[in-house]
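Before I ask anything, let me first share the structure, which is written out below as structure tokens.
The chains carry the letters A, B, C and D, assigned in the order they are written, with residues numbered from 1 in each.
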Amino acid sequence: MRMKKFINEPTNLVGELLEGMVLAFPDKVQLSGRNIVARAWPKESGKVRLVTLGGSGHEPGLSGFVGEGMLDYSVAGGIFAAPGAPRCLEGIRSACAEGASALLIVLNHAGDVLSGNIAMEMALREGLKIKMIITHEDIAGGPNLEDRRGLVGFFPVYKVAGAAAEQGASLDACLEIAERMERNMRSLAVAVNTATHPSTGQPIFELGDDEMEIGMGQHGEAGTGRMKLKSADETAEIMLNMLLSDLQVATGEEILVLINGAGATTLMELLIVFRRVAQVLTAKKIKLIRSAVGEFITTQEQAGFQMLIARMDPELIELWDAPADAPFFVKR
Amino acid sequence: MRMKKFINEPTNLVGELLEGMVLAFPDKVQLSGRNIVARAWPKESGKVRLVTLGGSGHEPGLSGFVGEGMLDYSVAGGIFAAPGAPRCLEGIRSACAEGASALLIVLNHAGDVLSGNIAMEMALREGLKIKMIITHEDIAGGPNLEDRRGLVGFFPVYKVAGAAAEQGASLDACLEIAERMERNMRSLAVAVNTATHPSTGQPIFELGDDEMEIGMGQHGEAGTGRMKLKSADETAEIMLNMLLSDLQVATGEEILVLINGAGATTLMELLIVFRRVAQVLTAKKIKLIRSAVGEFITTQEQAGFQMLIARMDPELIELWDAPADAPFFVKR
Amino acid sequence: MTDLIGRAELGEMFAQAAACIRREHQHLTALDSIGGDGDHGTTMLRAAEQMERGIEESSTASLTDLLKSVGWKVLGVDGGASSALFGTFFAGMGDVQLFSQDAMNCHDLGRAFQAGLRAMSRQTKAGPGDKTMMDALVPAVTAVTAAANAGKSISDALDDAALAAQLGAESTKDLVARHGRARSLGERTRGYPDAGSTSVALLFRGFSAGLRREL
Amino acid sequence: MTDLIGRAELGEMFAQAAACIRREHQHLTALDSIGGDGDHGTTMLRAAEQMERGIEESSTASLTDLLKSVGWKVLGVDGGASSALFGTFFAGMGDVQLFSQDAMNCHDLGRAFQAGLRAMSRQTKAGPGDKTMMDALVPAVTAVTAAANAGKSISDALDDAALAAQLGAESTKDLVARHGRARSLGERTRGYPDAGSTSVALLFRGFSAGLRREL
């Protein structure tokens, strides 16, 4: 079966999609160096910059969140492939130009972290004012924090740290906010259908006709929860309970819930799942203080979703509510 | 093969998804009557209300666009099924409460138009101040205007008429704006893979492994352009040229382009398609004055997209740029 | 031989019509899948449910109110073109002026059907030859009027109507769709009867069965 | 017997290593598909390209600059863990202190490899037994040092290293992954060699072939 994707040369995917993005949102983003997306109107000097890096093929993540109140630079890698360290360094150098300080946000995937670390080493050797945070909130990785991958958790971190930076917070303050958000969030993914790898035309993973897998990673990395298909309500409850118990949320606490579609799973389904989450929280007397439902990071047309919960405090809520204006996320 | 969707009882889909939507966006929308979505904070009295109606299973369309600067009421039908006239009348009555005037926007599909017409008849008999506009911009229907279906064209119409209403324009002025937008836009769809009907679990249409179909309707209604799969660039050019010629766009004119994903087609692909559209317009010396890329109306996990072009004038541009704050569309 | 029908007979006519549709809904969906969006059977099932509800809830109403109630219920279906049109047809039948509110003769029934068609004509421009439900509905209604003029009984009139609807539905096989979703298919729709006209044939088969049963 | 290698020999070592990887990239992808994300072959292909480029572009550079250049090029690949680690290894080799900038003996080569490993240890905590490339890389580097200490020629040392890498890669079959993407699979990864360690074996097979060819 031929791959049914609207693409041209598979080797040009990333360049073409980013070109498309800056052409579609010329008032928000521009290209700055090869496959590095920057704001169309750079932030005022004196404010902390946010930089991220990561593979492509996950649109709107990550470059779709460059914009006011969020990221300043996104270094885009290949399809499902981390950007190399030299380009990450280039992104950091742009962010730290003219003595500015910057925060690098990296999702915990081996390649991304390696490129981030190597680039950080060089950047610090050059005397640039840069600090780094790694997101690893996917509880499927087990109890060991460094085995936990970064899924959609980058999104709340971009949001609150981006808002803090926009408000003029120092690098240390931005890092503290990012770390607080990171520490207080947990995520988990479920997959039911594979995507086609856009470069190879091959399915990314195999799953039985009546199976789903809880804990699957962003690129079809196998999880540990292969089971028979369940209803929306059952799936929502299983995942929510795992997350609540891992984050040790107590009655009366206030949490944010984010449901992220993997690609082919419809918004209809995401909303039905969210409904059950809200119902269960009410029953447990846990307050649903903020929420988000949509596609923030996809894996092509994979079917499934990610569920994220986060314990919020008044400062995090205020930063979450602050305005943002990126190509694929706007808040008034 | 079992349907791989996160749902519960297929008969409860619409109620559950709308419940999910109002739970996820409690500051923006609420339910008002059975499967009618209304703003959380009603518009000030004296301003024109916007009402729409249409089938469900197309999320975020249509109810996801209820909010400031856009719709006031959305009467949601069954899955791919128009709401019955009595509920449409109920929506109109709410919109026209306390002497307010309202504009009903209906996409040209037989069932929707019938329900709209019947409800309008009754509403006018009740003396309500309501006018109606039908969108029919899909050029696949042939030269006859009433054979042209309404695809994603509802979106620019909601946007500009919604902004006008928010600014205090009269019902006639809102209608004039909506009609001007409608007259000056054209759309066309292409499909490559079918979706599963969420109530029946059956594929909506059949298409060969190496085929695509230009002109397919919102529910798998066959078009006339079945052909071998083409690259993103080729597909973009074919469709753009058909649209430009139908709208008779001349060199030097200013147009808006919107690319709408059908469900499973990735944002990566939509951006690659958009890139080619922008390139071709530059070559033809037609000015790309505004653009939008994303999912505005889907057909479950169908793969394909819709392309819309619209001739813009300064007033339409200003209204397009006005703020909006709906669950699935925000503009600052 | 019947010359008058009342609430009970009208109720049984709709009950049997609903039953006929229930039995054939999968076939209706199959027909709509060829040129349309494959939901006609589902919509007609819901319409059948509402027809039954409409009768039930107006067991003490006047005949015209009963018809309006059935029509309004069918209009309330979240369906498509067909539920809106059948709803309009039934509700429109209720616009007829009756001498008695408890009984109608064959002429009254013919006039009621005509009133239903008139209400529909405000909603659709389709007429015979366009490969829609009108290809079955118009001859069926005409048959009732003709039977009344010929002095036939209501049940004979409904038999004539059922036959006319059946023939009308079959005639759509050779037509090309010009209205409804199927119109975009043009030539491809030739060779299959129109889904909605097949529903009309089922409806009138049920009407006639309902009356024969009562007797 | 070789006691010294220069730019040309080092270049040929990398060229042959690249060639070995090119030949086997589909196998590498297949191995990575079992426990990982199935992109290892693609990444190694790109890395091979960059190795060739690195040599080409520094044909007049000092040996350490040549190594750094190759390393930097490989680091520049948009790949994953493997390109970052191999890039770090090659660039780290360039940190070695050489007496001459034009030639290295077997001891120098051993020290260069050791420097490469040291650079890697700043980036990964993985060591032998974790089912990663380290299971092949560490024994290969150790073999070169041992051969140098035993007074062997560079080409014999590289033969030893190639064999050690091969054995190391094969030993990963019985291990359970604890680093990289495959770690989440745990027991399921048993029975297949690690993709990255297989690449190391190919790399050293190429190094040794490159030197034999030159002679």
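As a working rule, a residue touches a chain if its C-beta (ideal position, glycine included) is under 8 Å from a C-beta of that chain, and two chains touch if they have at least 3 such contacts.
Computed from a predicted model, the values in this text were never measured in an experiment.
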May I ask you to list the chain groups that still touch, directly or through other chains, once chain A is left out?
-> B, C | D
Every chain in contact with both chain A and chain C is listed here as B
Most distant chain from chain A by Cα centroid = C
How big is the gap, in whole Å, between where the Cα atoms of chain A centre and where those of chain D centre?
-> 33
What is the distance in Å between the mean C-alpha positions of chain C and chain D?
-> 80
Chain A to chain B, mean C-alpha position gap in Å, rounds to 28
Send over the residues of chain D in touch with two or more other chains.
-> none
Chain B residues touching 2+ other chains are none
Sort the chain contact graph into one of these: line, ring, star, complete or other.
-> line
Please give all chain pairs that are in touch with each other.
-> A-B, A-D, B-C
In the complex with chain D, residue positions of chain A that touch it | 14, 55, 77-78, 80-87, 109-111, 114-115, 117-118, 121, 140-141, 147, 149, 197, 199-200, 202, 204, 215, 217, 219-224
Please give the residue numbers of chain A that touch chain B in the complex, ascending.
-> 1-2, 4-8, 13, 16-21, 23-25, 56-57, 59-60, 64, 192-193, 198, 209-210, 212, 229, 231-233, 235-236, 263-275, 278, 288, 291-295, 298, 300-301, 303, 305, 323, 325, 328, 330-332
So, in the complex, the side of chain C touching chain B is made of residues 35-39, 42-43, 72, 75-81, 83-85, 87-88, 122-124, 179-181, 183-186, 188
